[in-house]
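Structures for review follow.
Two complexes follow with chain A in common, the first pairing it with chain B and the second with chain C.
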Partner chain A sequence: MLFQFILNGLTNGSLYALMAVGVTMVYKSLGMLNFAHGDIMMIGTFIALTIIKLKVPLFASLIVAVLATAIIGFLLERLILRRVEFSSFINLLIATVGVSYILRNGAMVVFGTNPQRFPSLFSQFPVNVAGFKVSPQSIGIILVSLTLIVALHLFFTRVKVGKCMELASSDAQSAAMMGINVSHMRFLTFGISAGLACIAGALIAPLTYARPDMSAAIGLKAFAAAILGGIGNLWGALLGGIILGVVEALGAGYISSAYRDAFSFLVLFFVLFVKPTGLLNRKIENKL
Partner chain B sequence: MNKKFWLVIVLAAACAIPLAVPNDYIQQIVNMIGIYIILGTGINILTGYTGQLSLGQAAFFGIGAYVTAILNTWTGAQFFVCLIASILITGAASLVLAIPALKVKGPYLALLTQGFGEIIRIVMINWTPVTNGTAGILKIESPRIFGFTFDTLTRYFYLTLFFVVLGLLYQKILIESRTGRAFIAIREDSEAAELTGINVTTYKIRSFVLSSVYCAVAGTLYAMMIRYVSPDTFIANTSSVILWTAIVGGFGTLIGPIIGGVVMQTLPELLRFCGNWRLVVYGIILLIVILHFPGGLYPYIQKLLAFFKRKGSR
Partner chain C sequence: MKKFLAIVLGLVLAFSSIASADDVFKIGLVCPLSGSSAISGVIMKNAAEMAVNEINEKGGINGKIKIQLLAEDDEGIPANAVNVVQKLVEQDKVNIILGAQLSSCTLAMMEITKAAKIPQITPASSNVTITQQGNKYIYRMTSTDATNAKTLLKYCQSLGYKKIAMCYDSGDFGTGGFKIVSGLVDEYGIEIVDSEVYNAGDTDFAVILSKMDAAKPDCFFMWGYHTECAAIMTQMMQYGFVYPMIGYGMNSPELVNLGGEAVEGIIICTAFDAANPDPVVQAFDKKYQALYKDSYDQNGPQSYDAVYLMADAVKRAIADGADWKNGEILNKYIASASYTGATGTTAFDETGDMIKDLMLITVKNGVHEIVNMK
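After this line comes the complex of A and B, so read on.
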């Protein structure tokens, strides 16, 4: 049983990590949590589902959906956030909450409120490995998430554009002085973040079905994971996601599955109370 | 003198509202405006004056409503007992939230309060023996005060109006007092406030508890008016609407919540012609308001009033 719980925890945890990476990237460049992140994930999932229903092969439709979601991310940054950025912090936050409200209610109208089946990329039938039941789906999700996060890390440390993005988000002024177009970089950050959210959504949906209200809980957990690990830190997001997933799975398994979501929020409370800077960050310049 | 005169006129006009209301449906909307003015005033004190952002007001609203519903259906307790119990329990809940909330600010605080809202909603859904799960609690009695039953919506309007006026008056007294000035000092610069000898921690806690008391009053009024509570009402969307109620009117202004309450509650009804897209259009309009009127509508209304005054004096 314990093994099963931990495997479930790792599966969910790696998905939270994938979402948390997007949250962390945007936070670094904007100085603001993007409260519409979960809803972008939900919209991405439904775009993928719509394309799949047109009898397009699963893999091709996922690629199209990721691109489409990235465009939504671009639009969010260009049309809305850029305009309120200079007015005040509260307006910026309210703007992302407003976008979240519009996307969620819009999805309920367009896609309906009923949960819909989402085809899985991996086989769902468990395989026996050394006496334990392991589903290829769990392993697939963990591997895909890990690969993406490692690839992202390499992108930020080895590729020129990635390095520019990193600098633009950590120190916009010096980046601009060195000839980096900061606003383009932020544009790109939003696109990548939204694209990752779409992939996460496509991996989550086979487990939970595609629903317009799937965004709220997962969006909050992504924030929790990002903060737990230390916001702005890629590996922190991974660590935070995994810890959150495992705690939640153990809590659901041994205490009560109905209060599953409550466990991760309790973890969030605890972290914010004990160490608001997160596990991997020493200190944070922007005092919390 | 002139100001008091206007106040009396406005109050008399407010008392006459039911005369102009054609049916119960619109009366209910008017009553909801009252409830949202109370909610908006609560968050105005917390966010508008003290600068502490909250995305979890629906949780306090919900606790207030559920305490009333449970007390009334289980023990038959009447209005004032329910009200006081709601205020006490909601205040205690806000103290629990205030402890971690004191250590964070900005987006983290918004996140913390939103997480709190989710936990409360999960409890409402899953604590079935007490909250009756997703089905909610039915058959709450109408309030009876000194033998007078507020059983029609028109009668209920006056009860709501009483609490709206009380809430707004208290807000005015509070903001002009030492406490209110301390709140504003914390909003402007909490370190400078600390240096001038303001105990930032206790004032922040006070602000939290006060805003939750407003939510508790609104919750009691809501539960006894609709006479039914369910977890669907107290979701994150409601928290956003409460926050917008204060923002649309103008944060940190005394009458901002009134404007916000009216706009936020009438707009969805005016948008009925949009059918299913109603809430989407609603969201888009609000987003445009935030983008173009960052200070809310209050400054513009003030300008308009000043314009008429000049015209009148000429």
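After this line comes the complex of A and C, so read on.
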């Protein structure tokens, strides 16, 4: 039973981590939290579902959906956030809340309000691993998330564009002085963040169904995970996500399944109380 | 400006008084048109509209009074249900309320309709406390948790199941069902070895399924709605938990759509199913499918019969020369109703509960089939 709980915790944790990375990237680059992130995940999932229903093979549909969601991320940055950028930080936040509502209700109108089935990349039947019954879906989610996060890390540290993005995020003025087009980098950040959200949606939807209120389950926890691990820190997002997922699973398993969601937030409160900048951050953040 | 406003006001008043010359019977419908239970709410609305249109095409009640159906979305959230019923009662001045679908919403709304002295018929909520509050304006046209629990436990007993693991929804429906089942299990020689609660809208059930499996029951027992049931059974398949699933609350066409092969073999207790060969049932089934090109659950024919029962009550009130627009008087005619329709014969006892026989259905090859108890 413990094994099952931990596996479940790692699976959910990987999803929170994937979403948290998207959140943390945007925070680092713009200094704001994108409250529409969960709904971008939802829209990405529905776009994928629409393409799948056109009888396009699953893998190809997902690739197209990720690109389409990245484009939505680009549009979001260009059309809405750029206009609001020079007014206060609060306005940016509210703008993303507004986008979140529009996306959610738009999805209800276009795709209907009912949950819909979403096909899985992985087998639906359990396999035997060292005497334990394991769902390929769980293993798949963990591996895909881990791979993507490691790939992102390599992108930010080894690839030129990635390194430019990293610099533009941490120190916009120096980056500009070095000839990096900071606004292009911000643009890319949003696109990548949205693409990641779409992948997270496609991973979770086979288990939870594609539904317009999908962001409710994961959205808030993504922020919690990002803040827990240290906002702005890539590995922090991964660590935060895993901790949240595992604590939640163990709490639900050994204490009470009704208060499952409460456990992750309790951990968040506790950690912030002890270390306000998050687990992996060293400097004092004064942006929030 | 003032003179202009006065003229406009005068015209508006004049027109509104002309509009109310023809009597209209207003039914306020409160149901979930979005959220996890949206499918059931939409079915309620479709079936009610079907009944209203049928009656209006024949000229209305007694050939004179048209019915107007005002539908509002409660999203399956009790606080919203209270808001919309207040709007229907105070602003739209409805004559009667049809709703809600979720027990938690019905319980929240009941106080408003009682205070406004307007009858309320719920075609779908099964929590027993609904009719135990001394509220003489509430009626129920669906079976209660107690009758469903007894039927299901009898079935478990007939198969020799001694231990069950139960999971239930955290709302009034699930917790009410759990209370009833726990109180009844001893009579059937059954023990609940594990019980787990989940929240509507929850999507991950691995933890509760592991706990239920660890208790090694003979079967899983569930009291909840179809979205979570489909997810639970899908996850049971994915994690390799093989147990019979028996329950109530998940009878809906969406169960098979969402769950696919995972829900094969589930046993559900219900008051109505289209697999029933009764001619009235078949007539309703064909017309609904033709109109809405979609399948439906028991809330459909129950809502349909509810509208006809209301119309019948108004008709009898008129025949007696009584003022059906008075909520208290209309309430008396609803209480004395006896209507035979797609769901059989409906009459209410003194608490507002309905008495009817129940059946068990299963899903075989994606289709509902009636199961005979041994």
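Criterion: the second predicted complex is superposed on the first by the 285 of 288 C-alpha atoms of A that agree within 3 Å, B and C clash if a C-alpha of one lies under 4 Å from a C-alpha of the other, contacts with A are read in each partner's own complex, and residues count from 1 in each chain.
Here is the rule we use: a contact is a pair of C-beta atoms (placed from the backbone, for glycine too) under 8 Å apart; a residue touches a chain by one contact, two chains touch by 3 or more.
Here the structure is a predicted model, which is why all the values come from computation and not from measurement.
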Overlay on chain A: chain C relative to chain B, clash or fit: clash
Touched partner set for A:Gly140, first chain B, second chain C, both or neither: neither
First, second, both or neither for A:Pro126, with chain B first and chain C second: second
Broader residue contact with chain A after superposition on the shared chain, chain B or chain C: B
Partner chain(s) touched by A:Ala249 [first = chain B, second = chain C, both, neither]: second
Which superposed partner A:Ala258 touches (first chain B, second chain C, both, neither): both
First, second, both or neither for A:Ile90, with chain B first and chain C second: first
Contacts of A:Ala217 with chain B and chain C, given as first, second, both or neither: both
Chain B versus chain C as contact partner of A:Tyr209, first or second or both or neither: second
Chain C clash site on chain B (candidates 113-121, 131-139 or 293-301): 131-139
Contact residues common to both interfaces of chain A (with chain B and with chain C): 216-217, 258, 261
Of chain B, residues touching chain A in the complex: 47, 53, 55, 99-100, 103-108, 110-112, 114-116, 118-119, 122-123, 125-126, 236-237, 240, 243-244, 247, 251, 276-277, 279-280, 282-284, 286-287, 290-291, 294
Chain A-facing residues of chain C, complex: 33-36, 38-39, 170, 196-199, 201-204, 206-208, 210-211, 214, 227, 230-231, 234-235, 237-240, 254, 257-258, 260
Partner chain C, residues of chain A touching it in the complex: 1, 4-5, 7-8, 11-12, 108, 113-117, 124-126, 133, 135, 137, 204, 207-209, 211-213, 216-217, 249, 252-253, 257-258, 260-261
Complex interface listing, chain A residues touching chain B: 27, 32-33, 35, 80, 83-84, 87-91, 93-95, 97-102, 104-106, 109, 216-217, 220, 223-224, 227, 256, 258-259, 261-262, 265-266, 268-269, 272-273, 276, 288
